[in-house]
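So, here's a batch of structures to check.
Below, subunit A partners subunit B and then partners subunit C, in two separate complexes.
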Partner chain A sequence: MVSAPDLVRVAAPGPPAETARHRAGTPRRRQRAMGRAALWWLSPALLLIGGVVIYPAIELIDASFGRYSITGLRLGPAGDANYTNVLAHPATPAVLTNTLVWVVAVVVPTILLSLALAQFLSLEFAGRRIVRWAVLVPWAASLVITSRLFTLLFDYYHGILNRLLLALHVVGRPVDWLGDDRFTMLSIVTVGVFVTVPFTTYVLLAGLNAIPEEVYEAARIDGAGWWQTYRHVTLPLLRPALLVAAVLNIIYVFNSFPVVYTLNDRNPGFSHDTSITFMYKLAFKSADHDVGMAAAAGVMNVALILVAVVIYLRLVDWRKDHS
Partner chain B sequence: MRPQHRWALVAGALALSLGLAACSGGTGAGTAGSGNGDPVKEIKVVIAEMSKDHTAAFWNAFAKTYQRRTGVKLKVQIISWNDVDQQTSTMVQNGNPPDILNLNAYASYAKDGLLYDSDEVLPDRTKADILDAFVKSGTYKNKLYGFPDLSSVRALFYNKKLFAKAGVAHPPRTWDEFVTTAKKITALGDGTVGYAQPLGPEEAQAEFSIWLFNNGGDWKSHGRWSINSPKNVQTLRFLKDLSVKHKVTQNNPGKTNRTDGAFPLFQHGKAGMVVGFGPLQAALDSDYPDVDYGIAPMPSSGGGPPQTYGVTDYLMAFKKAGNRDAVRKFYELYYSPDQINTWIKAEGFLPVTKSGLKVFASDPSLEVYLDTLPNVHLTPTDDPTWDKVKIAVQQNLGEAVASDGDPQKVLDRLQQMAESGG
Partner chain C sequence: MTAVAPTHPPGLWRRLRPRVLSLTGILIGTVFLAPYAVMLLDALRPAADVLQSPPTLLPRHWQLSTFGDVLADLRFRSWLTTSVIVAVTSTAIVIAAAVPAAYVTARHRFPGRTAFLLLVLVTQLFSPTSLVVGLYREFFQLNLVNTYLAIILTNAAFNLAFAVWILHGFFASVPKEVEEAAELDGCSRPRTVLRVMLPLIRPGIVTAVIFSFIAAWNEYVVALTLMQDDSKKPLNVGINAYVTGYEQHWDQMFAASLLAIVPVVVLFVMIEKHLVGGLTAGSVK
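The block that comes next holds the complex of A and B.
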């Protein structure tokens, strides 16, 4: 525990010390004291990370090398059999393709939509507060509940979407949104975008609010039009927020379980599974019913998303920044 | 973004994705106790939830009675059917199984040597009271490990109003009659379907089972897997034809589940026929009084005597240090007539004991089931391989009945899988 005087002593020199360090550097002793203080401050978070991330991760890796019975009983070591079994699984290529489609098809439209929505929400208008709240709702609602509601909307017989399209004579007969292979992924992606937009919008809205009014003023004085201002002032200054939104969304969407699982629960096989729902099915809902294989799939999922994020950061050239 | 932030991002990514992946993992060797050791003061029972209204009510009352009689505390954990597999698997993984587990499978647990057999924990007269069909299905390698707790038998539910409208006098007795009837009902139009057919992953094995038993087929015959026997292939072709050729089912049966697909159609008067059981009957009586329904035996392919498909769940007991006596007392109490029959009645299921059969015989609404119960066909739950085959069936059968599906190929694949031990 940190006592109250400690808190005061530690807290007080915070920001000034940092600026000082940036300007001229700090004596070493002072830096060590800072380090110790930082450790105190970090300890709850470190404990939490140790307990809920590091420890389970070690267990996960351990499980991925174990041979398990269908009951969950560990029978012995498996070597790398779990990994090779996952890679050799007949569904793996389709699952990987689905994962790529799912992540790209959700993240790209989400960011585009959120850019527009954030721009809109940053305007002053009557009732803005209500609209801002409304945008948050899909994010605040439980994903399982949202997904279950969408299965009702999409339902072949009772769904309101089909009723609407039939009444408007857009379609001649109902569309099986979740069962017809041509539409299943599209339907799931739509829900994915719906639940991802709120968070992204708010990240971008925060980014927009952080852009100082002066630069717009300068743009105006220089005679920039609306599009020029947006293209050459807003977007470049929004870059950090966009980058954060994109990376967080890639991870979040990649790891999204409830939407894909709930909307796909009527379909046999793995033809619409992503690597996350596949991992779950390997453990409990497939003929493999193998915790070890699922753990191996889990380890590979982590590796996959890390590689994806690193590649993404390379592609967008994160170094090129405020310059 | 400043360069050092890159590592913050990567670290964040690692933390986020690890946290999620870790949810699926967890390890720990399960260690089976011998049952010896100091007697325990508490045992834990995991029960799969049959209904929101009755399951918890019965088991909480049961726990009180048990504790009063034995002085041992009974901790009851009720888990939904969706999660029970996953949670029990995690418990076993962590070496911490419950003392008693209620599930629809037991053989894999018996194979892993985790369970008590009946000689160890079940009173002799209780064992003698269990119906023969369930003793058979609960026996693995000549020992009874799967103690049945309740059962259900399927039958053909039909909508009398739709039958009258379509001019059908009686429920079909042969498969030909079935097709004719279903066609007449489908012809009524207005979105009416002749037969609601659930072959989606929820319970495809059940739907297929009842039809194949009525074609003289079976999952295993003479101790060998017979999944792709000509009779079974014929059955699956017939089921496929219902939607693809005759067009008398709802849209996309291979992707329709029972509880959120087929049953609702029947409950809203949109389906002429559906294979149902006690809980559907209870739901119709309490929530859908407008549906005037009848219950008939299943039609058989050639008009022979109708066969029924039954399901039983099991209450199995895990070997743990010092729990044998407490577990034995649990079964003594559970199988006493006023306990077991109370629960079965509340949940709308059927008895598993000879004495229970007599008690329930007085209920005329159960007649159609009870007559067939002693000769019921079950799936081969006594074979640990079935625990995997069942899931493979659930995940594959839907593909076989799609318009481009190949019943022979799918059943061949399942047969091959079963023969290689899952």
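The block that comes next holds the complex of A and C.
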């Protein structure tokens, strides 16, 4: 794990560094020595991040400025042609709209449902343990497997969902959940929410558990009703957990590939693709098979998620939690 | 918790409450399990029965042999082997890299500390999916396309952030005196971390191990792109072969899927308690 323990000892002599003492103004040299020792501790992580995150990111950017043959051979520089080609692609407006719809339509209901579910699962009742375990299952199952399962559940001919809805007279005739343009996005979003709620619920449940019981007692003594208590005690104290859940959800849902890709598998074209599946199809599936364009789309994806997260953090004024 | 207990007439509500709560619980549990129950029922009938129209919830013919068939299938066995190799090795790398990094950033101030933590956060934004073109090109240059190593390294790198984040919270919560006492006893710093700190943050380690194991076990895009050799695919990608344009063995696909899901559910259930505490260590500073 640590390759050179002696070196670390030599580089960082003296007692362990303490925050307070450093703030009070330790000699520069010692701080720099600590920095050098820290580098040893960080080196495995830095190697991994440098080699498998930063380097491929640079490769991606490099590829986005190159011109490629259909077999992936580099023909020469492309300037910004790949970017303009992606932006001018006839599918781009629909893909961007889909991405926005996908992220918002999954994240918002997920957070609301998870808030309620976490609250419920924090109550004491017989069988709570088992219900909590049941909620874990969609989180544990891989997204591809769950998505493939839903392609069958949603199937026009063989799907149990149509059978159920017909029996309950909710629909008069079978619905083509994954083929009919009116329902495709709704169906995909439903699966998205189904697989995202468990993780979110657990983050919020952890947040609820961290709220000390005394706070509720104080509220009760002050005569607060349950809604007042929830609104003015629980929600504000849950803010850090909510923030974490929302940011991670935005990132995961934006980057989510298997759900959209698998459920949309049978539909031709890009009309139900998000920017992630669009990029993948450009790189590996579509007839044009354009590495340069796919790389440009990949760079734009990273930029998009960065912007989305920054906007979100601005909106909720995250610094409030760090004061 | 009392926060949302509705204020109904006390007598009646008090008597009904346990039953109403348990019933609601059963209903919620059913919603989350129902799709997988259908999956199990489909794995227990012949493939032709799965594709009957109209479909039936219960099998028309029960067929219990599918699970045995799948377990005996050599393709399934090689996919399972790949999944185990990739998940175990990448998890070991994650822990080996995350423990020293989380320790030093949680316990010491040094120039570049914030920059490192920021870097770790940023890797959360770069998903392997959006980098997949870059990853493919890198591993192509290194002649690593179609190797376990490529997939292991990718999983390790992208699961690192979460492990560092979780362990950082746990390391920060260890009282300062513990570390000082060990130092006074003449323990070198790496020894202190290994012998004194690690046992104290065991729940954190368990959580980080299981999280990165599960993430690697369920990873899809990178394996789909980098593993072209059929026998070297992980379960997740391999079982696509059961349902293609040529054969439609939904029964086998679902039996294999359940066999892939069950170990992960068991792992999750094992850490369910840590999960509730372990996730807070990172989110509440």
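Just so we're on the same page, the second predicted complex is superposed on the first by the 279 of 323 C-alpha atoms of A that agree within 3 Å, B and C clash if a C-alpha of one lies under 4 Å from a C-alpha of the other, contacts with A are read in each partner's own complex, and residues count from 1 in each chain.
In this text, contacts are C-beta pairs under 8 Å (C-beta built on N, C-alpha and C of every residue); 3 or more make two chains touch, one makes a residue touch a chain.
Because the structure is predicted, anything quoted here is derived from the model rather than measured.
J.: After superposition on the shared chain, which partner residues are touched by A:Tyr280: those of subunit B (first), subunit C (second), both, or neither?
T.: In the superposition, A:Tyr280 contacts both subunit B and subunit C.
J.: Scan A:Ala246 for contacts with subunit B and subunit C and give back first, second, both or neither.
T.: neither
J.: A:Val106 contacts which: subunit B (first), subunit C (second), both, neither?
T.: Neither subunit B nor subunit C is touched by A:Val106.
J.: In the overlaid three-chain picture, which partner chain does A:Thr146 touch, first (subunit B) or second (subunit C), both, or neither?
T.: second
J.: Quick one: is A:Ala57 in contact with subunit B, with subunit C, with both, or with neither? Answer first, second, both or neither.
T.: So A:Ala57 meets both subunit B and subunit C here.
J.: If you stack the two complexes on chain A, which partner ends up touching A:Val291: first (subunit B), second (subunit C), both, or neither?
T.: both
J.: Please work out whether A:Tyr157 is in contact with subunit B alone, subunit C alone, both, or neither, and reply first, second, both or neither.
T.: both
J.: Touch check for A:Leu48: first (subunit B), second (subunit C), both, or neither?
T.: In the superposition, A:Leu48 contacts subunit C only.
J.: Mind working out whether A:Gly179 is in touch with subunit B, subunit C, both or neither, as first, second, both or neither?
T.: First partner only, subunit B.
J.: Any idea whether subunit B or subunit C touches more of subunit A?
T.: So, of the two partners, C touches more residues of subunit A.
J.: List the residues of subunit A that touch subunit B in one complex and subunit C in the other.
T.: Correct list for subunit A: 49, 52-53, 56-57, 59-60, 63, 157-158, 240, 244, 248, 251, 255, 257, 276, 279-280, 283-284, 291, 294-295, 298, 301-302, 305-306, 309.
J.: Within the complex, which stretch of subunit B touches subunit A?
T.: Interface residues on subunit B, with respect to subunit A: 1-3, 5-6, 9-10, 12-30, 85-86, 88-93, 108-109, 111-112, 114, 191, 200-202, 204, 250-252, 254-257, 260-261, 264-265, 270, 384, 387-389, 391-392, 394-399, 417, 422.
J.: For the complex, which residues does subunit A have touching subunit B?
T.: 49, 52-53, 56-57, 59-60, 62-64, 66, 68-74, 151, 156-158, 174, 176, 178-180, 239-240, 243-244, 247-248, 251-252, 254-255, 257, 265-270, 276, 279-280, 283-289, 291, 294-295, 298-299, 301-302, 305-306, 309-310, 313, 318-319, 321
J.: Subunit A touches which residues of subunit C in the complex?
T.: Listed in rising order, the residues are 1-7, 18, 21-22, 24-26, 28-30, 32-33, 35-36, 38-39, 42, 50-57, 93, 96-101, 103-105, 107-113, 116, 119-120, 123-127, 129-138, 153-154, 156-158, 160, 164, 176, 179-180, 183, 188-191, 194, 214, 217-218, 220-221, 225, 236-237, 239, 243, 250, 253-254, 257, 260-261, 264-265, 267-269, 272, 275-280, 282-285.
J.: Quick one: in the complex, what on subunit A touches subunit C?
T.: Touching subunit C from subunit A are residues 1-2, 5-6, 8-9, 12, 15-19, 22, 31-32, 34-35, 37-42, 44-49, 51-53, 55-61, 63, 117, 119-120, 122-123, 125-128, 130-146, 148-150, 152-153, 157-160, 163, 194, 198, 202-203, 205-210, 213, 216, 220, 225-226, 229-230, 233-234, 240-241, 244, 248, 251, 255, 257-258, 276, 279-280, 283-284, 291, 294-295, 298, 301-302, 305-306, 309.
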